[in-house]
C-alpha cells in the first residue's frame, strides 16, 4: 500500500504537503528545468507588488552559520508583467499555484489581489505581511494585529478563493497576529517568514548587506519556526503551512508533528534545487516504514511531556 | 539554457599550485561536454560546516575521461574548507551553469586579460579556440597579479603556444604595473591593424578598466563577473548587476559573461 | 604599544570586554580549572533564585544546526547556598563578579537582590527577566514593559551598585523593553537571552526536551543578536553587553561595531572552554593589526549604508 | 578532579571493526597517563557541520607512545561524521574527563557486564586490573548484544586470559537472552563463595538490571552512565541524574561512574 500524501487546506487539495517558499523559486521557470513542477504540492511565487521593483543593491545576501541573510528587497516584475509574462507559464504547470502578494499600503495589497482574482489558475493567495526587508510597511503590518486584520479583510473582499496569511516571527505573541488574520478572513497561516538579522564585515566595518539588515533563513532558524508552528497550532484554529529551515524529509516530519498541514522549502533550494523531490520520496519511505497510511496520521501528533 | 543537475562526483586529483592556489579535478562528471569556457559549477561544502555552495569556473575538461577541473585560491572560509578535501572525497557539483564566452571567428585576434584567480576560464577559452582551429600565435594572453607568485600555471599557459604577457604590480615578472596598462598599450599598437576581441576575467577594478578600454577604443568583447551567489540557478535574485539598459540581470543566469559596455560596473 | 582592552560600564572598569554568559559557567569553579578567571572581564553566575531548584528532567538539552536548545529550568543552589558555598570562591577571583538573578515573582527578585546587596564583592547584578524556560513568570516579565520597569525598580531600591537588565529577544520591539528597564533604574542592557525554540524526535514523536521547548543559543542566533544590539544601540541610551553566538574574536568585533561595550560568551564555552582566553588574544592581535589603541575605537563604529 | 584541557591531536590509526564499530587511535595525546578506566574524552566535530562535542570513553592508552584509543559505534549524525575522519586528520580532544571506576582489591572477583558499545571502558578496566597484578582468571567479563556481530573485539578481550561470557538476544553466540540473565545466574552460583564486585557499562535498561542485581544480592559495584553532554566539564548542567539521596549529580563530573544503588534509574 503506497502512503497517501494528499493534504487539503481550505478546500484545496494538494498532491503532497511540499511547496516551494516565496522568494526562493522566482516564478518557477528555473526549477522546472531541474524537475517537473508536478512533483510539488504547490509552487509559491516571489512576492508580487503593484509596480516592478529592482530591490536593494548588492550585496543583498550573506552567508551565516547554518543559514543566510537576505535583503533582496522584494525585487519582482510587478503585477502587470507577472500576469503577462509569468502566468502563461504557470497556467501550464500541473501543480497548485499560490501567488504571494506584498505591498507598502493596504491599498496596494488589495489592488494586486483584485487583479489576481480574475485569473482562475491562481488557486490561492499568500499575503506577505511579514517581509523584514522593506521600509515602507512590510514588517509593521505583520507586527500589528489591527493592521493585519485590516489588510487581510481588504484582500478578502476582492479575492474569492482561499487566502493564506504569512506571519512574521519577529513578534512577542504570534498567536495574536494569527487570530487577527483569522478575524480578517484568512483561511490558513504560513509560519514563519525570516527573522531580522545582520552581519558586519570586520575588515571593512561595513554591514554585509547594503540594506544594513536582512532576513535570517535556513537550518539555523528551524527550532524557532517549529516552536512558532507549535504555538499557533495549540492556540489558533486555522491550518498551518510550516516554513523555516526545512531541507530534508526529517525536518518536514518535525513540522507535521507539531501541527503543520503542509510545508514550504526555501533556502534549501539554493543548496539542493531538487530538495522537494527528495523530500517527497523520503516522506513516502518514512510512512511505509512507520506503517502510516496518510499524512494526517502525523499532523499535530507530537507526544508532548505533561 | 542547459538544465542544471546535482551530480555526486569524486575528487580524483588535487594539485597544490602553491601560494594558496589549488587545482582540483573531479571525475566522473557526466556533463563535461556541456561545459563551455565561462561556464561555472556550484560546489557543495555541507560536509564541512559551510552552508552555501561556492561558484567555481570550469578551468578545463577532459571529455573522454569525464574529468572536470577547477582552479581556486584560498580566500575565505569556503575555499579554505574546499582546499582541505582530499583525493577520494565525494563532492556534489551543481552544474553546468551560466552563459559562457562566445568564441570569435578565426580572423580575430583575441586579447585575453586575466587578473589573479580569474585566469582559469580564460585558459579554458584559449584552449578551446586552439582546438577550434585558431592559430595560437593570434591569441594574446595578458595575466596580471601582485607579484610573480600570484601568476600560477604559467608553464601550462605558455605551452599552448599563445602569446603570453605577464604583468605584476611589483615588477617581479613581466611589465611592472597594472595589467590593464599593458593591455592598453597593446590595443593602441594593434587595433588599427588587427581585429581585436577583448576577454576579461578578474577582480572588479580590472574588469572595469577592461570595460572602459573596450569602449574607449571601440573593441568589442566580453567580461566575466563575480557576485555573491547563493543559488547559482536564478531563483534567489541575490547576484544581480545593473545593466546600462533594461534593469537588472542575474550574474548566474544571464551571465557570468556579459558584453563589454553592457553592465554598470 | 599594546592595545588597551579596558572598558567601563556604569562606573565599573573591566580588564577586557569578554565575560562568560549566565548559565554557561555555573559559579566559575569548573572554568577556573581550565584558565585563571583573571583573564575574564567578568564572570556572570548562573541565575540565582530564592530557593534551590533542580530544574527540568533530562533530556534538557538538544543539539541543533549550529546551536543548541536548552531547558535547564534555572537549576541552581538557591541564594542561601550560593552565599554560603559559592561566594567564598568568587571572593578570591581576580575578576569582576556579576550575579544573575531570577525569580517567579517581583518579590523573589527583590529578596534575592537584597541579600546580594550586603556582599560587596558582588560588583553588579544582572536581572534575568528573559528566561524562556520557566512557566511561572520569567519570559512574561521580559515581554511586558510595565512588568520590566516594576521588576527593575524593585531591585533598584534594594541594590546600591549597578544593575544590568538582561533582555528577551522574543518580543516585537526590544527597545520598548529596554526603555522600560532604563526607566526602572537599570544601568546597562544585556542583549540577548535565548530564543524560544523546539525540536522533535521523529522516531519517538517526543519533543527532544522534557520541557517541550527551550532556548536556542549558539552561532545560529548570532545574526539575530547583532540586529537586536544594533537596534538598542541606535534607539536607547544605556551601554550594552552583547550576547548570542559568540565563539571567536571576530564575532566579538561584530558586536562591538554595532554598539556593544562588552560581550558575553555562552554556548561556545561548551565546545571550547578556553574560548574567552583565545578571544582576548585575538582581539589584541586584531587591534594591533588595525592600529587601534582602545576598544572604544570600535564601539558603534559600523559604517552603515545610507 | 583532573584539570581538563583542549589538545590538538592526530588520528593515527583507524580500524574498521565492522558492523558499524570503529576503533580510533589518537597520538600524541599528552595526557594519557591521567586517563583511567571510565574516564572519557570529548571529541570535537566542528570541522564537520556538527556543533557540540561527542563524549567517548577511553578504550585503552599506550603511555609510552602517548596513544589514546576510543571505540565507537555509528549511531547518529555525530558518530557518522566521526567515522568519516581519515588517518592524519587533526582532531581536538577535551579531556581527560569524569570520575572513573575504582579498582577492587585483588582478593575480589570482579564481574564486568558490558552491553554493546559499553564494552570499551570495561576492557580498559580489565586490562588495568591485570596490569595491577590481579589474576586474569578471577576477572569475569560478560558481554551482551543483539547478535554475534554486535560483540566486536572478542579475540582481543579473550587474549587477556580473563573469563569471557558472551550472550546474545538471538543466541547466535553464547547464552541466549539478556546478558543480565547470565549475570544473575553467575551471581547466584558464586556470591556465597567469592567476594564479587559488579561493574556495568551499556544501555540504560541493562544498567538498571545490573543496579538491581547488585542491590538484590548485596553485591557492591559501579555503573557508568550516559547522558546528553553539551560541555562535559560541569558548566551547562545538561547531563544530570537524580540521586537517591542528595538531589542531582552531573554525569560528566560526579560521574560517569556511580556506585550501585546511588542513582535513580
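By written order: A, B, C and D. Residues from 1 in each chain.
Operating definition for what follows: a contact is a pair of C-beta atoms (placed from the backbone, for glycine too) under 8 Å apart; a residue touches a chain by one contact, two chains touch by 3 or more.
Everything numeric in this text was worked out from a predicted model, so none of it was measured.
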| item | value |
| --- | --- |
| Least hop count linking chain B to chain D through chains in contact | 1 |
| Per Cα centroids, the chain farthest from chain D | B |
| Centroid spacing, where centroids are CA-atom means, of chain A and chain D in whole angstrom | 48 |
| Whole-Å separation of chain centres (CA-atom averages), chain C against chain D | 37 |
| Residues of chain C touching at least two other chains | 64-67, 218-219 |
| Residue numbers of chain B (touch at least two other chains) | 46, 49-50 |
| Topology of the chain contact graph, where touching chains are joined (line, ring, star, complete, other) | ring |
| All chain pairs that touch each other | A-B, A-C, B-D, C-D |
| In the complex, chain C residues that touch chain A | 64-67, 69, 143, 170-173, 195-200, 202, 204-207, 210-213, 216, 218-224, 226-227, 230, 245, 250, 253-254, 257-258, 286, 301-305 |
| Contacting residues of chain B [partner chain A, same complex] | 1, 3-6, 44, 46, 49-53, 94, 227-228, 230-241, 247-248, 253 |
| Chain A - residues contacting chain B, complex | 23-26, 30-31, 33-34, 46, 52, 54-55, 58-68, 70, 72, 75, 218-219, 267, 269-274 |
| Partner chain D, residues of chain B touching it in the complex | 46-50, 84, 86 |
